[in-house]
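In the two complexes below, chain A is the common chain; its partner is chain B in one and chain C in the other.
Then we have the complex of A and B:
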């Protein structure tokens, strides 16, 4: 390891040891600069704002919210809750959809644009290309979840009162603790999306048509959720990707209930390792012609 | 050494890349399957007799613990339209429920029943009792002695509050065994592993072959005597019909902060007197009782061990549906959820039966049967329907 790497200077480094971060940074910039991805990010960030406005309108018109889920009712009492609610509402479909688009595009997009072979001409190695692509997907997921929670909390605080938050256990927590839990939830959601991203990157190595990869990846959480509803398959349920996608409530208990969350982290790490290794094998084997 | 490693690497990387994901998948799957199995591996415990195991249970109220309990029931009921939220008591009849328990001693413990995005807590801290329901945003608070007066020791585990007052643990265990043995076979079936703890498994098996209960299995922690799991197995085999057990447990004193409760701002707080409630519950209150039309109900139990039949006379079907509708304001939605819907679900699942005893409807689940006759008699027992029909004749 050279000294320039240790101090992290951008360096007149020899070509073979380009800084580990620069490749990733440029990749992430590419993902974030793509108009399609920015559009999705905008829609996701706007969702909590729309929910907040709708709740505001219904609560000021004095209608009972008898049919609304209880956690949405909490928002009227404390705006900060909207950060949690936004994540809960977007996790079953819209967040994984955005991740499917980004991860499904990762390799297949380069292949269809004819840029994959140029990427592989630089002596970066296919494994490193894959790692960078995956890391940029995961970072995109983290940025999305953090932004969704932030937009929810800011909207909630602006439209409703923002004081202490009452947890499901009836305990009241202050602003700092609320922020910490929101960050934990966003991080957990990002890990869930990271598991899906590994599948997405793998599917993306299989085809040169990005749309096909995106559609396939988007179907996977839906399929997993359907399987999760079939009681005869209960033996399979703990292994399903989406089995631990709805445990966000456990972050809102005092003390935090870690069992299902820990299981979720482990399953998603398992999914990520398995599918990344398959993606690596596929990319190594493949003749890159475009 | 390095040459071999190099060759190995070249082999896997260039010629057989698919071997890498195959090995990784196999490793991950094996680890995921094997680790829980290893954690649950039987550990050796010195042999104990049923009486010794029961005596250790009688002592268990002195042991502080914290853990997660999962309850699951598979009684073979029809699909119940349980709508009163995930934390309705009726949700215990089918499916699975999770609860967390913290316990220091009989006067400081907390039970939290988890719903998907809701929680019901009961917190007892010295002479304070808090009840919290997150869905209704209500708090009930009681201050003062918890268990009903000393003159009423049979109710609600008052023996719990005065442990070992009269009898030693061994004597209590002996009495319990003496009560069980005429009808059942009690044994210790080696050791089981529950929540990673080695436990004695006490098996109570009915002698009576007509019983729908195959056995009741109680797993008792080998070190502390705390009951870790209870399973009721049905005679038809298969998964336990009812199972309540720890999925994780630690035997350390819980932090005092878990017993602290301050009603959150905006919640409805209701002062609540347990003693008053107990006496209300037990005093006859004919003018307020919604079931006034059922005054003539009589309950009779045939003494027949596990095959005992409970006979309730004076329940007319029309009365019950009428009462339920009145009780729930014609909407079928009570505090417990969709009551009339549940009754309908049961009635749909019942078969018409006829015999020398008259006619009515019969219902069999994995653990018990119900025979409801048109003359207003209802027979319930942990036996097959034909035993009930015999009893009815």
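Then we have the complex of A and C:
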């Protein structure tokens, strides 16, 4: 006679019945429904539009600028470049800021609301919760970068001409290839944000005050970029988080220059492994007292 | 039969402070166990350890026969819990909060999720407010939503930490009804409270915490029988009455200006009264004082029921 028969409560033995993605979908929805996150997403998507309008206003007054950074000079010739410009301009600060907020909030937000204890009683499982939170951060990053590129390309095409793109190496590629390159750039940017997200989730396990976690994480890319400017620290530069954050131009060569990009993917995978391990160690050993 | 909850020498220290001091809980299956103690006596800390939220400094915990926290993933789906007050996302509706919790449970079937959530909301009387944002809920509604979360699936054990906190008298009655309903279906209920009357009314078993130690544990009737029933006679002839009571073998007889009391022991009250009247003692009132939990608590701890350090 089973235990449940003995006491008369028909509690079925736990079996794995839910689809593996159910929890992740639910967490991602939670991130995307949050008004604060939607606001940040809206601002990021609006940024290329604002840049496009500003360029349009200045180019119609005849002040083209050939030395402009981040392909801005190319945008007047081919509006699709605005998608690339958007990523490059937002990558140093605003995209990581958004990721700092989402990843810093991931565990600390649940702890401060007290919902962490209820998730663990469900039981969500500490490792599984961490993996799900991290995955939802990474997906949020991917959605953001794809939307930024899309917004830039659509705005650029609407305000300027759109056509075949002449790459930095001189080769010309068609629309399909341009879209593919844009997607690769968005994906690469998402990987960069994924490296930061791992740090963010770790910091988030350290505190019950989400704002403290967010601020700490937001400071990390800034600090890293400052260190990257100090020549005396050149030995450190290849290991800095932000060392490969500005190599988007390499996607616009034929063939794609993979050296820096590959190094970027590797270092960020390294950051992810290290900080997720720390986060796992911290979360699985911690007493949940909130 | 294994106990629903069994701890052995469970101890929790925070630095030098011992919050839970070598306790051996034994919660029989099918019981409604009242975990009683003043605020700060270690109840919530104990519950956190039982549920695997915090690690024990020493000792072991078995929940439904499984060792905790190792067996958490196997045993927690069979346990519903309300710990340290309800906690939900303020910007989600009550229903969406439950959907989210259920989605986190990999052993829950998504197919009947809606039906289970509706049933749980209905059960705690929250169906009408299910679509409202949690932040708009009153304290009582929040408490109800917490109870609903613990009832999302059929459970073998419910752990309810101060379940009537913040509820109005009507809500308190509903919780009592809910507990008895769940218990009648065979679910073991472990409920903590600092309200003696609450435990007295709902529970079959009781454990009393005092400064982190479990000072008493057992079925309520067993614990009560350990205390002497007292006979009180209101009369103006206290000394004469005391004389009669002593003749019947009552112990600790004490007379005062309004009458006399004594521990009844094996004496039959009817015989005592008859003898009093025969002896010409004018009897105004006879009271048999059965000790309640309050007296039990005081007798065990020698103290009142205040906040612990």
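Brief remarks on what is shown
In this text, the second predicted complex is superposed on the first by the 269 of 290 C-alpha atoms of A that agree within 3 Å, B and C clash if a C-alpha of one lies under 4 Å from a C-alpha of the other, contacts with A are read in each partner's own complex, and residues count from 1 in each chain.
The rule is short, and it goes like this: contacts are C-beta pairs under 8 Å (C-beta built on N, C-alpha and C of every residue); 3 or more make two chains touch, one makes a residue touch a chain.
Keep in mind the model is a prediction, meaning the values are calculated, not measured.
By the touch criterion defined above, A:117 reaches chain C but does not reach chain B. In the superposed model, A:277 lies in contact with chain B only, and not with chain C. Within the superposed three-chain model, A:38 lies out of touch with both chain B and chain C [touch as defined at top]. By the touch criterion defined above, A:158 reaches neither chain B nor chain C. In the superposed model, A:77 lies in contact with chain B only, and not with chain C. After superposition on the shared chain, chain A has more residues touched by C, the comparison being chain B against chain C. By the touch criterion stated above, A:25 is placed in contact with chain C alone, chain B being left untouched.
Once the two complexes are overlaid on chain A, the chain A residues touched by chain B in the first and by chain C in the second are 285. By the touch criterion given at the top, residues 1-2, 29-30, 48, 51-55, 64-65, 72-74, 76-79, 81, 83-85, 87-92, 99-101, 103-110, 149, 153-156, 185-188 of chain C touch chain A in their complex.
Remark: chain A residues 69-71, 77, 88, 163-164, 166, 168-172, 239, 246, 249, 252-255, 257, 259, 266, 270, 273-274, 277-278, 280-281, 284-285 touch chain B in the complex. Residues 3-4, 6-12, 14-20, 22-23, 25-26, 30, 33-35, 113-115, 117-125, 128-129, 285, 287-289 of chain A touch chain C in their complex.
If you check the complex, the residues on chain B that touch chain A are 13, 17-18, 20-21, 24-25, 28, 32, 68, 100, 112, 114-119, 121, 130, 132, 134-135, 139, 247-248, 258, 261-267.
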